[in-house]
Amino acid sequence: MSLSTRAQHSAVEAPPGMPSRLDGELLEVSMGPQHPSTHGVFRMNVALEGEVVRRLKPVFGYLHRNHEKIGENTSYLGSMPYTDRLDYICSMSNNWGYALSVEKLAGIEVPERAEYLRVILAELTRLVNHASLLGFLLSDMGAWGTPLMYAFRERENILDLFESLSGSRMMCDYMRFGGCRCDLPPGWMERARKVVDGFPHFLDEFEQLITGNEILIARTQEVGKLSAELAISAGITGPGLRASGVNYDLRKVDGYGFYPRFKFRVPLGEHGDCYDRLMMRVLELRETLGILRQAMDDLPAGPIMNPKVKIRAFKPPVGEAYGRIEAPKGELGFYLISDGSGNPYRYRVRPPSLINLTVLEDMCLGHTVADVMVILGSIDIVMGEVDR
Amino acid sequence: MEALDEIKVRIEAAIPGARLEIIPNPGPANQSSLLLDHAHASTVARFLRDDPALRLDYCSNVTGVDWLERTVKKKVKVKKVVEGEEKELEETREEIFSGYLEAVYHLYSMAHKHGPLVVRLRTRDRAEGAHLPSLTPVWRSAEFQEREIYDLYGIHFDGHPDLRRILMWDEFTDHPMRKDYREPDDYEYEPTPHDDVLEKAKQHYVPRPAQDGTANIAAQ
Amino acid sequence: MASAPPIDEGLRSELQKQGIWVTSMQELYNWGRRNSIWPLQFGLACCAIEMIATAASRYDLARFGGEVFRPSPRQADLMIVAGTVTKKMAPQIVRLYNQMPDPKYVISMGACAISGGPFKQGYNVLKGIDRYIPVDVYIPGCPPRPEALLHAFMELQRKIDGQKLTGTGKAAFLDKTVPSEFPVPAFGAHDLEPPANADVFHPPKIERH
Amino acid sequence: MMIGAGILKGMAVTGRNFIGSYFEKDRLTTVQYPEERDVLPENSRNFPFLVYDTNDPEAGLRCVACKICEKECPPQCIYIEKSADKKPDYMGKPQFYPATFDIDISVCMSCQICVEVCPFEAIKMDKVYELSRRERFDALLMRRTDLAKSNSYYHSIHPLEAEQVDATLAAAAAKKKPAPTPAPPASG
């Protein structure tokens, strides 16, 4: 789908000096932490002039469950299942980010087959994340239920794959430093192929459902614009950054895993508004399907675990490492300091969701309060990662 | 990207008076870091961001680390005169490193697609109200992360536009990520405790005067 | 309404064969309530995603009359505490519970909501929502499968079915002496104050040394 | 383009899905739990249980109370007390056994690290998920008697994995077999 169906002028742009009954009086509204479209327990203190947002302060911490402190009191292996619960929609990506950092910290090599499996699973996770996001965002916008139901129908197919591989639908706990926990069960690859081959059908249908929709266009185009300069300075990563036209995808830049072996394009937006951010997900889904097909075709045989690594009582050498991956929401980094003991001395998660919220206020100013939900939805946050 | 010592030399040439130190990383990750002094931190940060060869325009990760005071026992060979004879003896000496809080910045360049350059700032001690210069004016992405460090470690960032607690509630007075933080006692029901949790859960066990003796229970 | 002796089951089925439906006020009332439990649209963490999955196409909570997720506590019968309850969030949850009209029920979904779960050693994590409000059904699991939530939903329906309207042992929400609102904990300097509501939370004492 | 065409196009998709759900199996995804249930895959996991051999859950327990799982369990939901005496295990060798083995399933995060670290193939993951209770404390604390389940049960839920485990144990036993034989002459 091309981006040519853009509205000629902005649909909802509040004129700066809009006269209102309140005559410059600001109305303070606390949105959240219990709100149907804040994607969890997120709160914003909004100052409104009429319906126009004049100030917005996000309030965090309602899901601050001390991930980092627990990580410092748990062994390196024990932290792996906790990473599942960071961004609880994308547990496989979190596993990979953590495994990658520990591998950097201890200088561990990963067998080829394990790297391919990681790519396949991380990309499947991206399908889950982007499909759910589209559903949630449209649900926030008032397309009550329907797109979300379609998205969750597809999500269930992929969760079935995760379950038959790792045993759990959401909390996979599948990767280990030095490889993966178990090999594919019989028949898995055929089923995965079927899911991947059926996905474009869903995407076509979904695009038909939403992209031409006049309401959607009116509510997303020219809403929540983000300039490339501000995006870079504020550390925005992931589809939100690329929607502003900055070509920065860690799969290309760092080339971790075996991504340099796969052919794929990085979609870029040009306006940096909610519509571009939304379409970025649709376009990325198509590229992801390409990566999946290539990885499934090339999957080599071999071991899935580095035999030298002993996961129990694992003690990496003294030092520190920062490893990062391109999670579906942006740059997910893990910073580990080892003092040579069985627990990390410092365990830090660089959460893309939190840092992508830095510019929420800048994006919302001057828009109506109804647009705040659309802008927030297009940033794509998960509270488990924002607050940790 | 250039090597770290080359960068250090260039910074020192460009910013007179800047005191820099390279903190080596002994691990296999090979990410050594650059320690900045407080007075020149923001000038150096601006240099790193704007220098055409470096262009570290993207500050990815900002985090705090709490280094407790630690004593390192070292075996030192000392020459001593024992009974009129010079001998080489081994002596254990205790070296005390005072504790400090640290802020670590991981910098990357989106323009040149290189990195990371790790930059560190250290406070003088672990006392309440330790100060560091804020780098939020240079990189906006540090805004929430420095607030988080303030909340969880208690480092005050001078020049931060909005330094409030971010994760804990405003009435909270502790800094829970510090290594010496003790959480409040809510171990009323712990059926499966061990290690330090067991010690805390024991405070809530039913007293057994017959087996343990009244004196022991009173001592708890 | 005097509590009449329950109708003989054999007689009832005999009448049913003749096309006569016999029911008591209590059964009719509970039947209606049991099949229209409106949950509060309220998710805390990971379990909320499974809760949405339960309401979505594959598992379809609508088959049990529970698909009407209300964003406002004033219109909800059931609070599904789905996810980790942090100390910062706990006062809000108690407040939401207080705002729900009687009769109201609470399902504690997942390990975190029951006991703090894997995160219970955290300084900001409440070790179970039952420290402040009464819970009707607990679902262990991290996260519980959607089927497990449906199972808990049926368990709750069974509980509603068994609630009496009159007499001794009548349902708590009809008893004026049983409180339906609970004090909201305050933010203290180190912890919530009080750390648990002693009227609600009765953990067994453990005998071990 | 006519205004509203995009909305109509979307409506057509909804209509196709609605009508299609009567004819296409792919569009009709609802599982009518509790009458019909998904078959859980082989690897599916929920909470741990203890495997025992033979027919006796007391004597046949494979667990020797080594406490590795207790130590490695990330949320610390396992509590083990080692026995004071030794009892012959299913192979007749005297072993310690767990006097107490509790798992608090109101804390367990189903990560299966206990299974991964167990050197005796004694703890495995169950698939039971219908565990809703109206009480919390005693109802959700699984004792040793609740946890002990037979090897044939293990075979029924994880057939492939259980066969592999049996083969490994048989191989280990065959390896060990020659060792006890020379022992009696030494003692006698």
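A, B, C and D are the chain letters, set down in written order, and residue numbers restart from 1 in every chain.
Keep in mind that, in the parts below, a residue touches a chain if its C-beta (ideal position, glycine included) is under 8 Å from a C-beta of that chain, and two chains touch if they have at least 3 such contacts.
The shown structure was predicted, so the numbers you read here are calculated from the model rather than taken from an experiment.
Student: On the document's contact criterion, could you list the chains that touch chain B and likewise touch chain C?
Tutor: A, D
Student: Just how far, in Å, is the C-alpha centre of chain D from the one of chain C?
Tutor: 28
Student: Please work out the Cα centroid separation of chain A and chain D, and write it as a whole number of Å.
Tutor: Between these chains, centre-to-centre, one finds 31 Å.
Student: When the centre of a chain is set as the mean of its C-alpha atoms, what distance in Å lies between chain B and chain D?
Tutor: 41
Student: Would you give the residues of chain C that are in contact with at least 2 other chains, written as numbers and ranges?
Tutor: 57-58, 88, 115, 118-119, 121, 123-124, 142, 145, 203-204
Student: Tell me, which residues of chain B touch at least two other chains?
Tutor: In chain B, 167-169, 176, 189, 191, 197 touch at least two other chains.
Student: Can you pull out the residues of chain D that are in contact with at least two other chains?
Tutor: In chain D, the residues touching two or more other chains are 29, 74, 76, 104, 107, 109-110, 137.
Student: Linking chains that touch, what shape results: line, ring, star, complete or other?
Tutor: Here the contact pattern is complete, since every chain touches every other one.
Student: Mind listing the chain B positions that touch chain A in their complex?
Tutor: Listed in rising order, the residues of chain B that touch chain A are 25-29, 31, 57-61, 63, 65, 104, 106, 110, 113, 116, 118, 139-141, 143-145, 165-169, 176-177.
Student: Given the complex with chain B, which residues does chain A contribute to the contact?
Tutor: Touching chain B: residues 60-61, 64, 66, 68-69, 104-107, 230, 232-236, 246, 248, 253, 316-322, 324, 331, 333, 335, 337-338, 345-346, 348, 350, 354-355, 357-359, 387 of chain A.
Student: If you look only at chain D, which of its residues touch chain A in the complex?
Tutor: Interface residues on chain D, with respect to chain A: 3-7, 9-10, 12-14, 16-17, 26, 29, 40-45, 68, 72-74, 109-113, 116-117, 125, 160.
Student: What part of chain C is in contact with chain B in the complex they form?
Tutor: Contacts found on chain C: 87-88, 115, 121, 123-124, 127, 187-191, 195-196, 201, 203-209.
Student: Where on chain D does chain C make contact in their complex?
Tutor: The contact residues of chain D facing chain C are 29-34, 37-38, 46-47, 74-76, 104-110, 129-140.
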